[in-house]
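For clarity, chains are labelled A, B and C in written order, and residue numbers in each chain start from 1.
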Amino acid sequence: MLKKFLPQETDFFSMFEKAALNVNKSAKLLVEMMEDMSISEVKAKEIFEAEQEGDMLTHEVMRKLNKTFLTPVDREDIHSLVCRIDDVVDLIWASVDRAVLFRLKAAPPEAVDLCKTLVETTEFITKAIGCLKDKKYSYIQEYCIEINRLENRGDRIFREALVKLFDNHANDPILVIKWKEVYENLEDATDSCEDVANILESIVLKHA
Amino acid sequence: MLKKFLPQETDFFSMFEKAALNVNKSAKLLVEMMEDMSISEVKAKEIFEAEQEGDMLTHEVMRKLNKTFLTPVDREDIHSLVCRIDDVVDLIWASVDRAVLFRLKAAPPEAVDLCKTLVETTEFITKAIGCLKDKKYSYIQEYCIEINRLENRGDRIFREALVKLFDNHANDPILVIKWKEVYENLEDATDSCEDVANILESIVLKHA
Amino acid sequence: MLKKFLPQETDFFSMFEKAALNVNKSAKLLVEMMEDMSISEVKAKEIFEAEQEGDMLTHEVMRKLNKTFLTPVDREDIHSLVCRIDDVVDLIWASVDRAVLFRLKAAPPEAVDLCKTLVETTEFITKAIGCLKDKKYSYIQEYCIEINRLENRGDRIFREALVKLFDNHANDPILVIKWKEVYENLEDATDSCEDVANILESIVLKHA
């Protein structure tokens, strides 16, 4: 009977895992699209569905948060964690949406690299989140170091991509504007992954 | 005597209503400007005054919040609500300011549509906020659904506007840069309206 | 013995002061770079080091915050204050990084003016933060008025700079894109200074 009132930890954790897997899935679809821009409309539809799925999961966590008295980790950390994870999929969707709207034809290799970095990063996010439930905090810390390393790599690729964009298309400012916006959304997605790592690290710090 | 120490609910609620009406007013002025860009400097002045009025109202709420022991809704919700409402008027002002600085001559029909959507959205915000005081929560939920619907419409118009901008002015990148920035500010204003709806919905969830 | 458990106020305050001095230093380096763009790579390196130093200080504050039971000012205010101060140095670094990546040659006088305003603003931030420890709240309020005044000046310079950029380089859209981004980062840095002032003002309001 009392069980009803006890914190149902597994619920939140499994919802986090679903959200992380959803982001990882959308990053993989993004790579497929960037590698072959002729299929971008097909992939865009799938990524849009992942974005909608992400919104649904976020709302579900919020609703549960409002109805749960005792939470397994700080209420505000649950809130931030799920919002920042959702930011990643939102930004992946935003970059895909622009690429389609702008009718971009072929993606430069740097764009593909940047997206592959997002796949790797979101894999570590999924792994780290999978460790929350069993309080494997030292693993989380290791994964967060990897996420930060990948964020640095992503930042390096983004900056190289910008330089090449301006160098290779100095006489096509419209194309520069279009790809610059796609790159910026991808870079923001990478930054949001780092935010997720920061929240995970602060959860570990509070519980260790 | 004791009354002094009791929560003065009406104060916060009437200040929210003032702030919402102020945003709605600035959205209406924005439509007038977009419909006739030759009067943009005159309208810009009026919208700037609304922006200043918004700042004043926000500061007043903050000051009161710091001096009030018991608040009618959660302290952090009052803070977020008034800040997000102020964001809307700030972003309306930002788009107007850019249009004037950039000496934009005529607004495309999509720009006018986007601004009209903002008028409708801010009307629903005003209505929803008017229901807070009397705890008419089911009305608030209905209005929030309308705000979300209008945000989706605004997003659709914004994306169409971007496509047309790049298609119609492919040989005038400077004009593309200018209108893209105006559109982005308007789109951000629409997003902030959705943030307001989200806060209202979470207030309802906590009190229902 | 008990002293161990008492709030160690000076620690936080001296860390704030270090962070503020670090921002002020990076603003000064930025002016030197803008005045002579031929030395931009040298200065960029120094500003990058300041940015790293800022990150380290922020992490140190966070770590201490998680281990401290009683804090001299509200936990969330310490968090916001140190994050917003770090935003300023991050944005100074972002504008420098873009200027180098984009191989910008000479800075317009407006760019130099905007950076000089940042030096003045961060001096007042340093002064205001120096008054926290001894609770000299009326001084903090005066400095915050100065910061707001300088933010208005920075905003005016930024808008003039934008107008001149579009007027003087109407036939070089690529250059417009590049400088527009540098200016926007500088403008965001000025805005973050205002955020710092707002947090300081709210700390004063709570303790006065």
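In the analysis below, a residue touches a chain if its C-beta (ideal position, glycine included) is under 8 Å from a C-beta of that chain, and two chains touch if they have at least 3 such contacts.
Just so it is clear, the model here is predicted, and its values are computed rather than measured.
Peer 1: Taking shared residue numbers divided by all residue numbers at the interface, is the value for chain A and chain C over half (same) or under half (different)?
Peer 2: different
Peer 1: To lay chain B over its twin chain C by CA atoms, how big a turn is needed, in degrees to the nearest 5?
Peer 2: Roughly 120 degrees of rotation.
Peer 1: Which integer distance in Å separates the CA centroid of chain A from that of chain C?
Peer 2: About 28 Å separates the centre of chain A from that of chain C.
Peer 1: For chain C, jot down the residues that touch at least 2 other chains.
Peer 2: Correct list: 173, 177.
Peer 1: Under the definition above, what is the set of chain A residues touching chain B in their complex?
Peer 2: 62-63, 66, 97, 101-102, 173-174, 177-178
Peer 1: What residues of chain B sit close enough to touch chain A in their complex?
Peer 2: 159, 162-163, 166, 170, 173, 176-177, 180, 202, 205-206
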